[in-house]
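Scrolling down, you'll hit the structures one after another.
Each of the next two complexes has subunit A plus one other chain: subunit B in the first, subunit C in the second.
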Partner chain A sequence: MTDRRETWLFLLPGLALLVLGFVLPITRMLVLSVQGPDGFTTDQFARFFQDGFYPSILWRTVYLSAIITAVCAVIGFPLSYIMARSGPRVRLWLVIMVILPLMTSVVVRTFGWMVLLGRNGLIASTLRDFDLVGRSFQLMHTETAILLGMVQVLLPFMVLSLLGVIVRLDPRLEEAARTMGCSFLQTMRMVVLPLAAPGLLAGSILVFTLSASSFVTPALLGGPRIEVLAGSIYKNVTQTLDWNFAAAQAVILFAGIALLLVPYLRLGRRAHG
Partner chain B sequence: MVRAVPGWLRVGAWVFVALAAVFMLAPLVVVMGVSVSASQFIAFPPNGFSFRWYERALGSPAYLNAFWLSLNLAVLVTISASLLGGAAAIGLSRGGRSGGAVETFFLSPLVLPSIIFAIGLLMLWSAVFGPTSFQALWLAHTVIAIPYVIRTTLAVLAERDPFLEEAARTMGATRLKRLWFVTLPQCRPGLLAGAFFAFNISFDEAVLSLFLRNPNLTTLPVQIYGQLEFSPDPTVAAVSTLMILITIALMLILERMLGLTRFASG
Partner chain C sequence: MTATARLALTATLCAFAAPALAQEITINSFGGAYEEAHRKCVIDPFTAETGAKVNIVTAYSADAFAQLRAQKDAPQYDVIHFSGGQEIVGASEGLLLPVTEEMVPSLADLYDFAKAGVANGEGPAYQIAAVGLVVAADKVPSEPTKWADLMKPEYAEHLVLTNITNGYGMIGLLMLNQIAGGSGDDIQPGLDAVSQLLDAGAVVVSTSPEIQAEFAQNDAWIAPYASDYAFTLKKAGLDVKFIQGEEGTPASFITANLVAGRDNVELASKFIDKSLSPDAQACFSEALRYTPTNSKTVLTDEVAADVVYGADAAKGLMRFDPRVIEANRSAWTEAFAKTIAR
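Entry: the complex of A and B
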């Protein structure tokens, strides 16, 4: 047996599982989205764009995901910089603070937010006690609720993407900038931020993708009236049993994410030479 | 002369970290608080203290069945994902020119949103085998757990001494002996970490389990989701707290055995 053959022997079982259990299902989904009773049809896509209802769901998904990504970036960058530059003990605690929620089921974390954001929850009642809001103030079943919950769910992905890059930055570069007369904030803006850009980009793509495709948190925090694309897919699969239409919506989600990923992969290749 | 970081910024950094910690951990703390409340309504801060919701959760067949299903599933997924992912990682670490493309393919379940995979698998499974079954969930969770095993194992293999295997080879060790005495021990920390992640992912996973669920196939997260949709009571909080405690236990073991920071910034 040659070494080459041995290598393939190691790869083959996993490859076979992935082709049969991953590639084939996705192909099936793609086929179903354009399959009608009499063969090929684009009816399902036409139906999606036929009136304003589904495009408005798509638009809400896009702008919510964009805001969630931006907020994660704004919180995640300083947080991961502090993590990278702190001592081993502090860093361990910060890593725990990020990873413990990440490793906890999304369902459980969303439940926590349901309690916090509820009509008589901690946030609403505190705001009411200080007379900052009226009696009818409601956080649950608003887009703000989705935003808060999703940022907490997805922030770890941003932090871990950034941390991987910032940890490898040479601190002497920052010292050099400081010696040359940069203020701390100038060093951040002109040295650390540009060098951390690949991590920021990777994290943003990841957060946007996950956010656009999640339905558990939006469904529980946003309620039935504030629908997002992934929630609509889930409803079509489990409640209305309209699988072809669900497949078409999944293809639209898939296409949007692919559009986002292709330029990123291009950029990445250029950066590696 | 390098000027130090301004004082207000240091203070600001600590305040920021404290706020971030509150934001990240608040949902978990709240769930734990509700679970020991004496009142029958979901309230935080809790009113009184009691373990009665734990008693009720442990006496509920629905939760117990869901727990055993999730546990069985997670154990089997850990085994299958570690075997397939570990083997793939060893293959990839030896990879030649085409290694990059094959690795991207293996890691693609991480990039592709699981809702797209979930809907495809449900459709294909229904067309080929009919109603979804335990095997469907096992397959689904294995596919999404494999990339984690591959990543942790590859990270460890990248730091190993490649000449050890070369040495074993020149000393006349057979392929199997080299695998058993050299390569596998080199993989061990990565494989172990990957196995922990695989267990955790399967045990906590909700999206694939929701799409593939049927009345006889309700995992613990799906059971919790169902309760949250209709009638949340403190029993859900008790079950959720148990899930959080399992996660904490897994993390403690991982930290003791291998160190968390090592896999966090990889």
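Entry: the complex of A and C
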């Protein structure tokens, strides 16, 4: 009996935080999204789908997040593998390098990108020197800019998730694969990648949800002409004070992410065996 | 030190310290250089005079208003500052407390336009931000003289517009709308003008630091924006000039409002009185080039040249009705977003 009581005692702080910080606000958000001046209404959802504008923002949010996740995975996997297979001292420095971007403010970091990507920035002026682009060319205020900025911010989440898994893999498995005739790439594909799948999955979920819900970086790098859903929600909450519509958008974003995550989690269960 | 002496010292210290500890007010300011000037011109002198502590929360008008509304049952601000006409809605919703000349003696010296809404419960304007054309004097081939010049094709690729989620951006759009033949009921002509400018190569940004970035790095020539920001750019080393369009100078009023439901009204009123005083206003104009609203404010010639100074000059200012803006803000913001969406 004591054991059980202790279990509950350990659970309590986390549970309380979850209820206060997650369940209650989400419930409130759900209520707000269907609340009108005369009680229950689905007007806010109808407004979202009345023309192509908001669905296109939703679609952009989803596909940008998916591309950001994919790019993070492609860059993050080899990086984590090298980190896992190098000595403790080198690994420490690599970890510091990877998490360094998290230590500056998001606004400062983003303004750095703004200088690089602007009309007179390094990239545009170099391309212009080679006569490859016109005078008004810039990467600022494009989806590419959002992609670059977000990958930089979110890469650590992918790398750290992967590192935790890969570092525990027995190197002898790879050696066995090599002695059985696998090439290096085949070893990666047939041994390391499947075993690292849980880390890849956890990292992808983190990166995807974080990028779908971020708005500061997309707002600054994408500019007001390329909106993402989280930015639109922020605008409705703080600027137009249209909380019901903001709640409806948040519910749609929440549902959208949940819908995508369910199959992913199923996949995760299989990966765990 | 004997025990008696120590006791006496403690008692003396308490006598001085106690009022300062008991008194504090919470206000919002707008961050950056504005907050610095706010501190220097109003907050520090106020603390020196009253011994009261001032807690500053950095929040722009719209954010601050959203907070004020959310905190309706337990307000956290004593004095709240708005630059986007939020005080009109705030007063009508009963979130603000009306000020009177007994509470705020400086009200008597304000120009009439600055205290027009006081009877309705709105706070008085302690500053005016004039909106005109911010021009890169060293780059632009020929200087624009009127708002209609914005539509000239040779400027388009060097033109910076501001999203209407920004207060000055909203005023800029309404001015464009007016010269394009629109009105408060119909902003479609303004939206069409924006759409035409974007197609021709203009850019839209959302915040003032981005305007600075456009001027400093991206070869911007013209931005419809406020006089105080022109001065900010000048101080940052850019050769920038503020030009008032011939069609008129729309302005944004910055108001100091007393929040209802707080218990230190007297101290908060004193703070507002300090904001309206000629000294504070001259200090603000000197630091940031805002137009003063107290008729007794005295400015040096250099400062006076950069702002709208004196009773006659102030009459030339125009204000788009904040009630119309508030009533349409949500719909216009959405329409604007749809217009500029790629």
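One rule holds in what follows: the second predicted complex is superposed on the first by the 236 of 273 C-alpha atoms of A that agree within 3 Å, B and C clash if a C-alpha of one lies under 4 Å from a C-alpha of the other, contacts with A are read in each partner's own complex, and residues count from 1 in each chain.
Keep in mind that, in the parts below, a residue touches a chain if its C-beta (ideal position, glycine included) is under 8 Å from a C-beta of that chain, and two chains touch if they have at least 3 such contacts.
Nothing here was measured: the structure is a model prediction, and the numbers come from that model.
Steric overlap between subunit B and subunit C is present once the structures are superposed on subunit A.
By the touch criterion stated above, A:53 is placed in contact with subunit C alone, subunit B being left untouched. Of the two partner chains, both subunit B and subunit C are touched by A:111.
By the touch criterion defined above, A:75 reaches subunit B but does not reach subunit C. With both structures placed on the common chain, the touch criterion links A:138 to subunit C but leaves subunit B unconnected. By the touch criterion defined above, A:225 reaches subunit C but does not reach subunit B.
Contacts of A:87 after superposition on the shared chain: neither subunit B nor subunit C is touched.
Between subunit B and subunit C, B touches the greater number of residues of subunit A. Of the two partner chains placed by the overlay, only subunit C lies in contact with A:239; subunit B stays clear of it. Contacts of A:119 after superposition on the shared chain: subunit C is touched, whereas subunit B is not.
Superposing the two complexes on chain A places one region of subunit C into the space of subunit B, and among 56-64, 92-100, 254-262 or 308-316 that region is 56-64. In the superposition on chain A, the residues of subunit A contacting both subunit B and subunit C are 111, 114-115, 118, 120-121, 219-220, 237-238. Residues 1-3, 5-6, 9, 13, 16-17, 20-21, 23-31, 34, 42-45, 83-85, 87-88, 90-92, 94-96, 102, 105-106, 108-109, 111-117, 119-125, 127, 139-140, 142-143, 146, 175, 200, 203-207, 210-211, 221, 224-225, 228-229, 232, 236-237, 240, 243-244, 247-248, 250-251, 255, 260-261, 264-266 of subunit B are the ones that touch subunit A when the two sit in their complex. Residues 1, 3-4, 6-11, 13-15, 17-18, 21-22, 24-29, 32, 75, 78-79, 82, 84, 88, 91-92, 94-101, 103-116, 118, 120-122, 152, 155-156, 160, 163-164, 167, 175, 178-179, 183-184, 209-210, 212-216, 219-220, 230, 233-234, 237-238, 243, 246-247, 250, 253-254, 257, 261 of subunit A touch subunit B in their complex. In the complex of the two chains, the subunit C residues touching subunit A come out as 62-63, 65-66, 69, 157, 163, 165, 198, 201, 203-206, 209-210, 213, 217-219, 329-330, 333-334, 337-338, 340-342.
Against subunit C, in their complex, subunit A makes its touches with residues 53, 56, 111, 114-115, 118-121, 135-136, 138, 140-141, 219-220, 223-227, 232, 235, 237-242.
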